[in-house]
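Letters A, B, C and D mark the chains in the order given here, with residues in each chain numbered from 1 onward.
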Amino acid sequence: MLYVGVVGSGECDEETGLLAYEVGKEIAAHRAVLVCGGLGGVMEQACRGCKEAGGVSLGILPGSKRQEANPYVSYAITTGMGEMRNFLVVRCSDVLIAISGEHGTLSEIAIALKEKKKVVALRPSYHLQGLEMARSPKEAVKKALF
Amino acid sequence: MLYVGVVGSGECDEETGLLAYEVGKEIAAHRAVLVCGGLGGVMEQACRGCKEAGGVSLGILPGSKRQEANPYVSYAITTGMGEMRNFLVVRCSDVLIAISGEHGTLSEIAIALKEKKKVVALRPSYHLQGLEMARSPKEAVKKALF
Amino acid sequence: MLYVGVVGSGECDEETGLLAYEVGKEIAAHRAVLVCGGLGGVMEQACRGCKEAGGVSLGILPGSKRQEANPYVSYAITTGMGEMRNFLVVRCSDVLIAISGEHGTLSEIAIALKEKKKVVALRPSYHLQGLEMARSPKEAVKKALF
Amino acid sequence: MLYVGVVGSGECDEETGLLAYEVGKEIAAHRAVLVCGGLGGVMEQACRGCKEAGGVSLGILPGSKRQEANPYVSYAITTGMGEMRNFLVVRCSDVLIAISGEHGTLSEIAIALKEKKKVVALRPSYHLQGLEMARSPKEAVKKALF
């Protein structure tokens, strides 16, 4: 069973959210586990897609309260470690899909690349050597899984 | 949905293992989520019971490899934080059931009591103020959940 | 150069504070580095004694603001990890001196014993196998260092 | 007292090492505390410069053994958290100076920017919005401190 991390901003525009939603659906369709930071924006839309397609998502939260998770997270892991939990999101994931994103997302991409994990980027905000580009949610999940 | 942490030694005698197995079954029967350190001994037997009864367990591992989890863990969270992951086991749990155990278990009990979480002890190795004693797996889970 | 962890409550009575103060002075007199959680009570009094005797203390803080350290800490390490920083206090220390204390202190003692580190107890609140008892600050530091 | 984080690769060419060495000297000359990851390369050369100029450096190590620190670190903090300690390096620092560097360095830059901390870059490998560029060690430390 593969664990696919989905990283991106905690707030996002509708179009980005739709990409995340489709990525979540695809992950579930392939029976992989979705790992994310458990909050809003890209994380929430990915979890929503995953849930609708009958999949399982793990939300690794910065805070200590499980209620802070978005309502689509299957299992929420409270850490109380603040942004340091980004490291855990990467560590739990076999591969990462980065959707748009800002500095927090960039830190997760950089950690994953340092740990030699595959990172697939969908509409990336950053262009780094080593990122695999995808043009659609379907392609992103395919590149992540195969 | 309640998250019940089960803590105890990574190696245990048969009798202790049986208690852990029954606790795992009871947790699943009550549709709570079992949280543990994901390794052997008490953790493994609790996960086994949980799985057999159709429940879900989260294994929060000290290392970075998911294969280190016992085979009954539903979802394994790799941390690479070593024993520091004990803190995460406590933080993720609404309530703790401590089964026998040694120094690692004692640290988890102490952290939980400091965070004002309920700790139910089954055949405890330590007697601390604030522990709720249980005489059977059934009673332990009942005291944990109600 | 040895690093001696001093653990105890963040609030303490005068008598306990005096013990901590003397322990801090002794640690400095032996040119060891004092490690603690950086806050008040036992931690503050130990740092005060250390500073007055010309020693160096490291305060490993739960929060993200260096100003939360007591005024006698030489160098403050902000972690933002909350009580999880207790683990770092133990990990940075070659040996631990526990002065009185409550659940947080107990968790640190248990972690140290699990990691096979020497723990010297001064007026302990807990009696655990493996603790070395000391009757005075001088004796505590001597037992810690030799 | 300001804490200046110096981040860069654990292995570096001579020229980069010289920049780090000069940065370390400048930090000490301004009586700031140097914070780093405690290992080789840029970290080691910065600590060496700092030590030669009579300054103090904190080395926040990924492992659990203090001997893994480079020989110029004043005080070594063992974490056992692996690369997750990068977060602590950033958290302990008021401002960051990034010297060249690879993915690990990029993760630290990204975390610092996310936490709204100033990041000064000297011969950067990455060009990100929000980085302040410096052309010399002197200028880097001046930009960091003022």
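The rule we apply is simple: contacts are C-beta pairs under 8 Å (C-beta built on N, C-alpha and C of every residue); 3 or more make two chains touch, one makes a residue touch a chain.
None of these values were measured; they are calculated from a predicted model.
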Joint neighbours (chain C and chain D) are A, B
Sort out for me whether A-D or A-C is joined by the greater number of C-beta contact pairs. A-D
Self-contact between copies chain A and chain B, residue sets same or different by half: same
Chain A-chain C separation of Cα centroids, rounded to whole Å: 40
Could you please state the distance in Å, as a whole number, between where the Cα atoms of chain A are centred and where those of chain D are centred? 30
Touching two or more other chains, which residues of chain A qualify? 64, 80, 84, 88, 91
Touching residues on chain D, where the partner in the complex is chain A: 83-84, 86-87, 91, 102-104, 106-107, 110-111, 113-115, 126, 128
So in the complex, which bits of chain A are touching chain B? 3, 33, 56, 58, 60, 64, 66, 75, 77-80, 88, 91-92
For a test of understanding, state which residues of chain B touch chain D in their complex under the given definition. 64, 80-82, 84
